[in-house]
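A, B, C, D, E and F label the chains in the order they appear, each numbered from 1.
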């Protein structure tokens, strides 16, 4: 697989790992006094566990798993609204598979489907568009979920629907943006962070400059990283080198995919279709200003919130997070997943209690699935 | 079973049969020179074979099986129209089970159902009404089929739908009337008939006087008969006695159910909802004047022909009967079912070619199912 | 055509829609009673009617039923008499 | 988040809707190429792009990929040099 | 198991599936082995001349729970009966479930309990199984396929082909109860009755019959197509004629009622606990007496005789003294109004 | 058979059903007996110490025909394989069909032909069966449940519990072909590939393995849940740890491609012709060599080893040198985008 396999080469990895060890030693970080690096993106969290990078990297590096899993930070009230939409008889509710198991207060989409709602997993919003074309007598709602990476796809789909004059296609918009929660985390006095590995596919859309404030205002380094294991290791090395050198810059490790200024077509499509919400709720993090997008009035015909009078537009419910859930603490790095009292007991991937156990990108799920879980079990 | 079992008493039957034999002898009828009695009604045909009355009665009686099976006489074009209606995605097509296997030119309703049409068997038009109430977003069409016996049920159902203001219930009206084809048969110069056993349940609705013309104009006796075997035997006896005595009267054997003037509520409902068609096509018999009913303009909202622009109201197709079919000859008594070259070969109850093989009330099906079929098979 | 079966009306279920429960050999089904409810609807309870496609089409007349049965039994008795007479004749013949 | 995978655009399938066929390890899927088709749409054929949820989101820059790999290999070579030097040192030490 | 309804996750091969299988199925059936196959042996099987009997049926009844039983009970009884009517001693069953997404787990538990109870009653064990989950609308709640293995002791031979003229036809009880009960339970025709399915395992009954009437020619489970189809099959296979007496047919009043209303013939109604037996005339009384000692044979009766008429022809002497042919059913019986 | 599509009449127990069964099913399978049970015996079964193996699976694949096979082929292979992996010689199958109204009869004929061909190849006979027809929308075209009976020769013992540290884990070929091919064939994700299901009967392969590696501990058919589930089951049952080498996993490029696109893990993809074997280390080469003599073992490979780590734990050494736990799948694998 071109542009992927080359970046999985274990021989090259040895060299990077040695170099990482060297820089960690230069910094003087140890297991007791580690360097804290946050990989913002759930895709990175997943890759770290998938390839065992947590075990390969020196003990002096502590990964903090960031809030970059759109499924994990989706508030329960929004899941409930999805279920409500999906249960309308006229609605075909289309979604990425990721969202199927996320618990709402009453049920997940998977359960709603089992109970009769017409819910279809798709790979692309284009597939939802096609379902709408083929079912003119039904209302096809697409669950628009994701960060800046995914936002252009729904924006372009809405533009396409508008060009075709489709009257039965809407998007239930839950798109969120990465920089605001980072700022929120950096403003959290409990947060201890030495640097960031930035989400490469977000920057592929928005470029690297939206992170400038991290270096400029907070004096922390950030390296925009690809998703192959060598990408990640190289990015970690670049972060460590900045720390060692006392620099705080926004660097681009993933230059083969990420233009510094992002993708102009995507940026234009987002700007055309979406506008900022004043505030949006993040599961485990609460309300964050200007962190969510809504569909502009010019595209109101494609806005499920408007068409079905649901969600932020209508009477908004704030749903309390489940009791005993420590997702907030884990997401801010104050707690390891295994330290949550619910971990592996009241909260498992089969029956997730908290958001971070839902997606395989969630830190708790990754810990559970790829090793952390067993570590927490009493020895047999 | 009260009012039924008493009329199945084999001891009583012996006496009636003896008396029948006696009258047949008095008339001088023999197997070679039999008395021809037409049981008009398919229900009577069915009962004759079901109870083996054909074998119990003397050889001097020859039963001619009349056109009184509404399924058998349904023209192919109407079945095609049913299929066309049923195949519309918005339509739930409801029908008595009887009509399911009747072949159209392309397929039967059973086949259309297998291929995806939403076709539901009901016991009553009231059940179709209930389906309409429960499926306000679908069009529920009821296949109105049958003689005067059944006509009041659809008339009353349409009146009920009108009272409730149901907007998704229509009847595809194929109701036909008994006297016109009898007249047509009597006018057929090939027809040899000495008397009639009249359909009791038709007279339960319309009374016995609509048959007066048979006695008055054609000089033939008719006895309105019940459906239990003793009813039938007694009616046959009554016909024979009239023949012996040279009388031609309309008598009522079935007085426990049939008032001489019929049922006023039913008659009024029919008159309110339906009007005569100038002509209607009968399978095997061709067009017969004033033999079919259509829904009056006042109830046009409940008329599937109007709502869907189909059938006699629209561009009407005459569909040729299948080749080799002798249904017409059988129905006019010119041929016995077993004499049809298709009988048991190209035409079986599994794969009926002609109308009379479709319903278990059809003369050919009754022959096939209850004994005649095997008689036609080469000895093993 | 026109399968019909005697059933007894056992209770009114929906007066507005003229619906009542009918029973045939222990089997119950809701039927419309418009055709037999000439007076107050409650009067049909207990009556026997000919049931066809979910409608009570005609009230069954008990007297007429009895008369028909009587006529049928009369044939049987007449026959017995004839047989008895025939037997008597035979006896007489035999005696001859 | 944001699973993306490099794929090659192999043919245009629907110019009006900006759709093209992409191939990833022999697996084909129709994708939208608006984001990478800055010039005539036909130009995207043969190009590699990062595919995400059915969209070719970003053209992959071959030179940059090579540079990154070079840097990674550089580390390896540097290490070999270091190792060689260490080995040299050890040899020297051994000799001492 | 915290789930209330089956989701596709329960069919995915992972933990949810394992949990469903363990908590709902194997904890009740308790197979010996946790391999995906049962490993079995029975002494009777190793006797010279013994044979193995093997049969299967899928069960798709709607509604899945009905008066007198449920799909689980039928799935056990049906296969036990198919083994028994061949002269086999039923020993082991497999049970494969196809479950519609959205099915209540409580319903599955009831079905499984009912299978277990019925298996215990029949003296068979459910030793292996399978579950599949299909999307909503791709199945109707639950379908069960059972296969059964039993041993036919040496010397036992029951075959329709052994039927010959002079034999008599017996049944173990009322006809058509299951078919009529299901039709009413389905609700499509809006009929309500107190009828109860005859659903029952007939293994013990068969053993009693074979002990009392050792020359029994053949036995058949009169399920789909009813007694009429079974009689036609026997007559065809053996090249004999069969005559049934309408007055001898054991029919409940309510079954008659359903048939009268819908224009059906009870001879074609399905049964789930009704045997048709062919026995030599001189062993008929013994067979009937033996059946009457068991509840499932309490209404055992002779209903007809085997004759030398046209081969394959089944006739019925009607209660009226007439005769009519009782042919194989064509298609399925449809309720009719005319 | 003049009908082109199955109607409810074909399930009604009458002539239409008999015609369907005779023309489409029994004319191809040719059971010995026209009774509703097979009567069987095999010499091997009467040997002292021999045991009977009995297993069942329902098959519900969508689409029913796919590159590399169809539901009929899977229904035969799956049950043959479940017998074979337990050390049994597969002998007899039952086949029960649940058919949706409206299914093309030509499709049924193709499925039946494919079952017959596969049964012949595997040396098993389809000796008994059943058909049910359900209303449109109450099934998805056709579901098949097969049960299988075989003989486990005296002395043969294959059980996951026999696995112990030092043993090695083998597979007979590429992983995930079936799952990926089906996913593509289903069309929901609009992927197109040249992938072909690995669907194959593995009875002969198992015999070859057992001849070459007589101390083989256990074998499993890695169907739903994939190789990962099978390894977890073995590790759990035997109380051992298992370590798999990612670099040793035989994966086709296209399977990798499907997994990358949809975010799936090939270790959890279903297979229909893939065995996981546990053999003593010193017989591994012999087992691999034996497999390689057969087409269904041409890509046989060692993929891991059994260790003394935490009981029940399966880990994978990643191609990167890291280690990660390979747990049981949770629920089902859903395609994901993030």
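In this text, contacts are C-beta pairs under 8 Å (C-beta built on N, C-alpha and C of every residue); 3 or more make two chains touch, one makes a residue touch a chain.
Remember, predicted model here, so these are calculated numbers, not experimental data.
Rotating chain C by 180 degrees superposes its CA atoms on those of chain D, with the angle stated to the nearest 5. In this structure, the chain pairs B-F and C-E differ in their number of contacting C-beta pairs, and the larger number is found at C-E.
Taking the mean of C-alpha positions as each chain's centre, the chain lying farthest from the centre of chain B is D.
Comparing the centres of all chains, each the average of its CA atoms, the largest separation from chain C belongs to D. The mean-CA centres of chain C and chain D are about 90 angstrom from one another, to the nearest whole unit. Separating the centre of chain A from that of chain B, both taken as means of CA atoms, is a distance of 71 Å. We define each chain's centre as the mean of its Cα atoms; on that basis chain A and chain F are separated by 37 Å. If you average the Cα atoms of chain A and of chain E, the two centres end up 56 Å apart.
In chain E, the positions touching at least two other chains are 7-9, 15-16, 189-191, 253, 256-257, 260-261, 330-331, 336-338. Each of residues 1, 4, 14, 42-43, 69-71, 96, 101, 110, 123-124, 127, 146, 150, 350, 361 in chain A touches at least two other chains. Multi-chain contact residues of chain C (touching two or more other chains) are listed as 1-3, 5, 24-25, 29-30, 52-53.
Applying the touch definition to all chain combinations yields A-D, A-E, A-F, B-C, B-E, B-F, C-E, D-F, E-F.
Across the complex, chain F is touched by residues 101, 110-111, 113-116, 350-351 of chain B.
Touching chain A in their complex are the following residues of chain D: 1-6, 8, 17, 24-25, 29-32, 34-36, 38, 48, 50, 52-55, 57-58, 60-62, 64-65, 67-69, 71-73, 75-76, 78-79. The part of chain F that touches chain B in the complex is made up of residues 2-3, 5-9, 15-16, 19, 101-102, 136. Those residues of chain E that touch chain F in the complex are listed here as 7-9, 11-18, 34-41, 45-46, 48, 50-60, 62, 82-83, 85-86, 88, 92, 94-98, 127-132, 134-135, 137-140, 143, 145, 147, 149, 152, 159-160, 220-221, 223-226, 229, 237, 268, 270, 328-333.
Contact residues on chain B toward chain E in their complex (touch as defined above): 1, 4, 8, 10, 13-14, 42-43, 49-56, 69-71, 96-98, 100-101, 110, 120-124, 127, 146, 150, 229, 348-350, 359-361, 368-371, 373-374, 379-380.
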